[in-house]
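You will see two complexes here that share chain A, one where it goes with chain B and one where it goes with chain C.
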Partner chain A sequence: MNDKAAQIFAETYDRERAVLPGAGGWLARRRDAALKSFVEAGLPHRRLEEWKYTDLKQALEKAAFVPAPAHEGAVVLPDTAVASAFAAIDRHVVVFVNGRHRPDLSKAVRLPKGVELHSLNDVLHEQWVKELVERRFDDARQSENVVDLNTALMHDGAALRIRKGVRLDKPLHLLFLAADGGASHTRNLILLEEDADATIFESHIGGAAAFADIVTDVALGDEARLSHVKLQDEGAGAVHLATLRTRLAAKSRLSSFTLTLGCGISRTQNFVLFAGEGAQAHVNGAYALKAAQHADQFCVIDHAVPGCTSHTLFKGVLDGASEGIFQGKVIVRPHAQKTDGRQMTHALLLSRDAAMNAKPELEIYADDVQCAHGSTVGELSREAIFFLRSRGIPEMEARQLLVSAFLDEALDLVPHEAAREALKLLAAGWFADGEGRA
Partner chain B sequence: MNMLEIKNLHVSVDGKEILKGIDLDIRAGEVHAIMGPNGSGKSTLSYVLSGREGYEVTEGSIRFKGRDLTELNVDERAAAGIFLAFQYPIEIPGVTTMTFLKTALNAQRKARGEAELDAVRFLKLVREKAKPLNVPDEMLKRALNVGFSGGEKKRAEILQMALLEPALAVLDETDSGLDIDALKTVAAGVNALRNPERAMLVITHYQRLLDYIVPDAVHVLSGGRIVKTGGRELAHELEKTGYAAYDADAA
Partner chain C sequence: MAAVRETVKTVGEVEKYKYGFTTDIESDKAPLGLTEETVRFISAKKSEPGWLLEWRLAAFRRWLTMEEPKWAKVSYPPIDFQDAYYYAAPKQSVKLNSLDEVDPKLLETYKKLGIPLTEQKMLAGVAVDAVFDSVSVVTTFKEKLREVGVIFCPMSEAVRDHPELVQKYLGSVVPTSDNFYATLNSAVFSEGSFVYIPEGVRCPMELSTYFRINEKQTGQFERTLIIAEKGSYVSYLEGCTAPQRDENQLHAAVVELVTLDDAEIKYSTVQNWYPGDEDGKGGIYNFVTKRGDCRGANSKISWTQVETGSAITWKYPSCILRGDNSRGEFYSIAISNGRQQVDSGTKMIHLGRNTSSRIVSKGISAGRSSNTYRGLVSVHRKAENVRNFTQCDSLLIGDRCSAHTVPYIETKNPGAVLEHEATTSKISDDQMFYCRQRGIGEEEAVALIVNGFCRDVLQQLPMEFAVEAQKLVGISLEGSVG
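Here is the complex of A and B:
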């Protein structure tokens, strides 16, 4: 095997197998199988179509991440706008440092009856946990393979189960801080039973040269509703690999929004599987990149049943020598009539050295559907800048106004009002900081 | 004192000389019209006054309130009191007219060392200025110029001028794309802004606009030079004879 990075993970697994959570039970067997298939497939690289623009193998080989240490001591959250983005919102907070749950830093009290929130390792014996972890989404095998790595090495995460008809009283904020370098493997599980309702914020912060590998598995029961807002802003030496997999039962709703402020290399994967009729998924995002950041947004939406709606809009601004990627696929199965599927991606290049790759795809096997996709890449209009300046608005302010206006079309889709305002402020601040200047 | 003093102005665009020695003085309180055939350099004159990139002054000078205008960039000129009403106002998707107006006014106030207006005072001011121009609140909430009719765009331009209160307003073909009713509304808006401290330069191809915005002086621009200057009656004369007599190639 000439896959050095995969080798390191395999060695880590051999060393830690006996002490990883769930040793001796169903999970240990699942981990063995996952590691085996991960090693067989190896880390993804550019010769695989789904990884055409992101060479994870090369990035991880170069960085050669060892496992991140358990950070036991005191932790001070960074004093940044991103770290405190949701601070003004009344919410439950669960903090993970280097991928490990820190109850001492968390604050999730007096949860409503019917809401069960645990550290993943405390509920491994539960059947729903087993079912979610063992679930496979076979639409994009090349992208799914990295989930095997997570399954083999996952050591912590949040497990949230909300019983039938129960509404989570306030947003649950999962805050992940990379305090030290090294690899962490986190698995979050979210089960909303029939007619349950929740809003979840996820933020990933920290300047360390870390490899954050996060898989979040979601199952929505009939008529359940999940709003999910993810914010990511990590260090130049960091690699971020996040996968959100959602299975939607009949008439359930997913509203997901990702704001990526980037890190060295990030890949955000979103898998949506419609398993019951009349469900809706809104999978949207925005990204603002600078310097040598590389961010790959990958989405696969599988209309496996009739009568479901999926809308996707990703907008990004790219400065410096950054590289943005959007790859999206909407699959409409032969019997999935009355599907409404839309997928749009727009990018704005702020510098001559920035690059954007977009690959929206439709695979339609049904005939009575409404589907559309589109992609544009452009730059700020010089005419618009001149017009604004001719009214006395200085050039930088004019550029900021146009960049914010561009991103706002996507940010307006953030499903929680206060979070929407928070993310808009961050996006505006990204430019004002001077980070967004060419 | 002259508000604007242009002496022997030569301007090139992409290395090609468009203006070939313009002399023009405008005093505070005066309205001057520039008329001329297509390609005579009318728009170039408006852009060089606004400071647009790519319009290179190769010879001569432009002084505004005694100051060398070429030392100022586009937004500095605006803050100093120069306003260009565009022939084709630019659409700005995602920026509401209200946000744009507030940003522009406060940017100019800030540049002049004045206090910025808060939201309440701004709203009061903008409504006061918008009413006579028949610009409803609904229009202020829409993205600037996006989906505006020709008349709405020009009314929005005049609203910007009313709000920003420039010392020198340059109106570039403000009549283009307007029907007669829209033209009257726009002209009334412009006339309401005439005062002894403000100068205006009205650039137009047709005499029609000058029936409503009556100038103190009319200049004929042809081939990059002012070839004739006269009173308001010159506009009527041009309407009858056309520009043939001033054709640069024929001359």
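Here is the complex of A and C:
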């Protein structure tokens, strides 16, 4: 094996195999198989089409992350705008430090009847957990291979199950703090049964040079509704690899939004599988990058059944020598008639050294469908800046106005009003930090 | 039972590939298979100078180390490169001086194809270089072109008469190491057209080449090289057909275009190789590398293609926009029916300042075919003020075909404005109903609507071609509805 980083993970597995959660049960066998196929495939690199713009292998080799330690002592949340973004919202909070659940810092009390929230390790014996973990999507093998790494090494996560017809009373906030450097592997499982409803916030913060490997598996029952809002603002030395896999049953609705502000290298993968007719998925996101940041947004939306709707919009602002990537694919299977698929990606380059790569892809095997995709890349309109300046608005302010207006189109798609306003403030603050100045 | 009869009739018509006749002419073939000897044989047949033989051999040795590209969205059984003839020439003992001396059977073939090779061409004003299997049969209008200094001749003649030009430009746009099929072509190319437009000359007529694969089990590997000197202009047309055969035949051509300052090349293709039968048996594998290099400032290269034929098409006519203010255009109609597979598109590589490009691609898939647009727009760091507009629309006819769009957009310069949009849809019931209620038959209505869908591209074709292309659009879709 000439894949040094993969070897480190394999060694970690050999060492921790006996103490990882689920030892001796079905999960242990699943972990063995996952590690084997992960090692066979190796870490992804740029010669793989789905990783054309992101070399995870190189990034991990360079950083050579060791497993993150379990952080025992007191933890003080960083006093930043991002860390307190959702603070004003009445919500349940579950805190993970270095990828491990910290009940002492969490605050999720008096959950409604029919809402079951546990640490993943407490519910490993349950059938639904097994089903979600063992699930494969297979639409993008090269991207799904990294899920095997997570399956092999996952050590904690949140497991949320909401029973039929139950509505989660207030948003559930999963807060991940990287307090120390090193690799952590987290698995979250979310099962919304028929007609259940939930809003989940997920934020990733911390300045450590950490490797966060997160897989969130979601299953939505008939007519279930999930709104997922993710905020990522980790340190410049961090590598973030997040995969959200959602299976939608008939008439269910997914709204997923990701705001990416942090990390040296991040890859956000979104897999959506329509398994029942009449379902809707809104997969949106925004990113604002500076310095040498690199953010890759990857989504695959599989219309496997007729009559589903998917809308995707990603908008990015790139400053410094940052690099933004959008790779999206909408698949319309044979017989998936009456599909409505839309996929848009727009990027603004604020600096001479920034770069943008986009690959919005359509793969269509049915004829009675409405599918469109669009992509634009450009800089701030000089005329618009001139117009604002001619009205007495200073140039910096004019630029900030235009950048905020640009990102707002995407941010407006966050369904939760207070969360939407919080993210907008963050986006505006990103520019005002002086980082958005070309 | 009427419906059954009608179906039988339709199927009968579909089977008739209009150009599927073979011409019985004795031909002179290279031995079966591909070895260094084959390359030497071809080179010797063409009485080529040593440098070209070395060039071919270098390409051949390189080719042996290369792997077939697998990334395109097409599938076919592995090709046995040793089970093909790499050179086939109609046997003719004497050198020809005029059209009258050409084998009348050959002329008959061209007549069936409908190319204006004889007097009609005066009216059409088209100078034709007809390539039959591997050799160029006759080039018309040579005299008239010579007057203005335009060189338009078969590649082998150019190697003999203008070696300095060939040596300077051959492989300068598509290097021998470029890709599997281009390298293969470099090793075994047997014919093709050579065009040289001198400084400041506007070519007085449209130049045209007609390709036809006639011999069984042969591959056709032509190589076209067009050089437009400063301030010159040329419009070049290319048409292709092949007879109906059960086995698959390989067509791996290379086209290189070079424009210097203020020059313009307009390259139009109507590709109608045999697409194979209803079950996907036979047909041409069209694996072509086409690339233009806008080397000079203010130069322009425009590709227009109408792709209706071939079992498999793998073709990406590209522009390297090196000169400042240069412009690249790509207009394409790709129609697939039956079991055809198309993976086609373009690359626009922006290197110079103020370069612009425009891509309009219309894909129509019917039957059980698959039609993919794959394109790259890339802007380098130093390319200021780049503009690109890309539009690729797909139309699906029937529920067993597929349409895919795979665009790559890469930019490293903030001043670039790139726009890409794509839509996929089917022929709307309203449009069909409207046509039908006015007494237009179903197939005719489809042809009409599809022609409308393609209009942006058809308009880019030179007149003579536009008419033919419109008809071709109709013919290619026969049997796709109902």
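Here, the second predicted complex is superposed on the first by the 438 of 438 C-alpha atoms of A that agree within 3 Å, B and C clash if a C-alpha of one lies under 4 Å from a C-alpha of the other, contacts with A are read in each partner's own complex, and residues count from 1 in each chain.
Keep this in mind: contacts are C-beta pairs under 8 Å (C-beta built on N, C-alpha and C of every residue); 3 or more make two chains touch, one makes a residue touch a chain.
Treat the numbers as computed from the prediction; the structure is a model and nothing was measured.
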Note to self: After the superposition on A, what does A:V377 contact: first (chain B), second (chain C), both or neither?
What the structure shows: second
Next item on the list: May I ask you to decide whether A:L401 touches chain B, chain C, both, or neither, giving the answer as first, second, both or neither?
Entry: first
Note to self: Quick check on the superposed pair: does A:M356 touch chain B, chain C, both, or neither? Answer first, second, both or neither.
What the structure shows: second
Check: Touching A:T80, do we find chain B (first), chain C (second), both, or neither?
Finding: neither
Next item on the list: Please tell me which partner, chain B or chain C, touches more residues of chain A.
Entry: C
Margin query: Which partner chains sit in contact with A:S390 here, chain B, chain C, both or neither? Use first/second/both/neither.
Written below: first
Note to self: Just to be sure I read the superposition right, which of the two partners does A:E409 touch: chain B = first, chain C = second, or both, or neither?
What the structure shows: first
Notebook entry, point to check: Is A:Y365 touching the first partner chain B, the second partner chain C, both, or neither of them?
Noted result: second
Next item on the list: Could you tell me which stretches of chain A are touched by chain B in one complex and by chain C in the other?
Entry: none
Check: Touching chain A in the complex: which residues of chain C?
Finding: 71, 381, 394, 396-426
Next item on the list: Please give the residue numbers of chain A that touch chain B in the complex, ascending.
Entry: 381-384, 386-395, 397-398, 401-402, 404-406, 408-409
Margin query: Applying the document's contact rule, which stretches of chain B touch chain A when the two form their complex?
Written below: 50-53, 73-75, 78-79, 83-84, 86, 89-95, 99-100, 103-105, 107-108, 111, 143, 160, 164
Checklist line | Touch list for chain A against partner chain C, complex | finding: 49, 334-335, 337, 349-379, 438
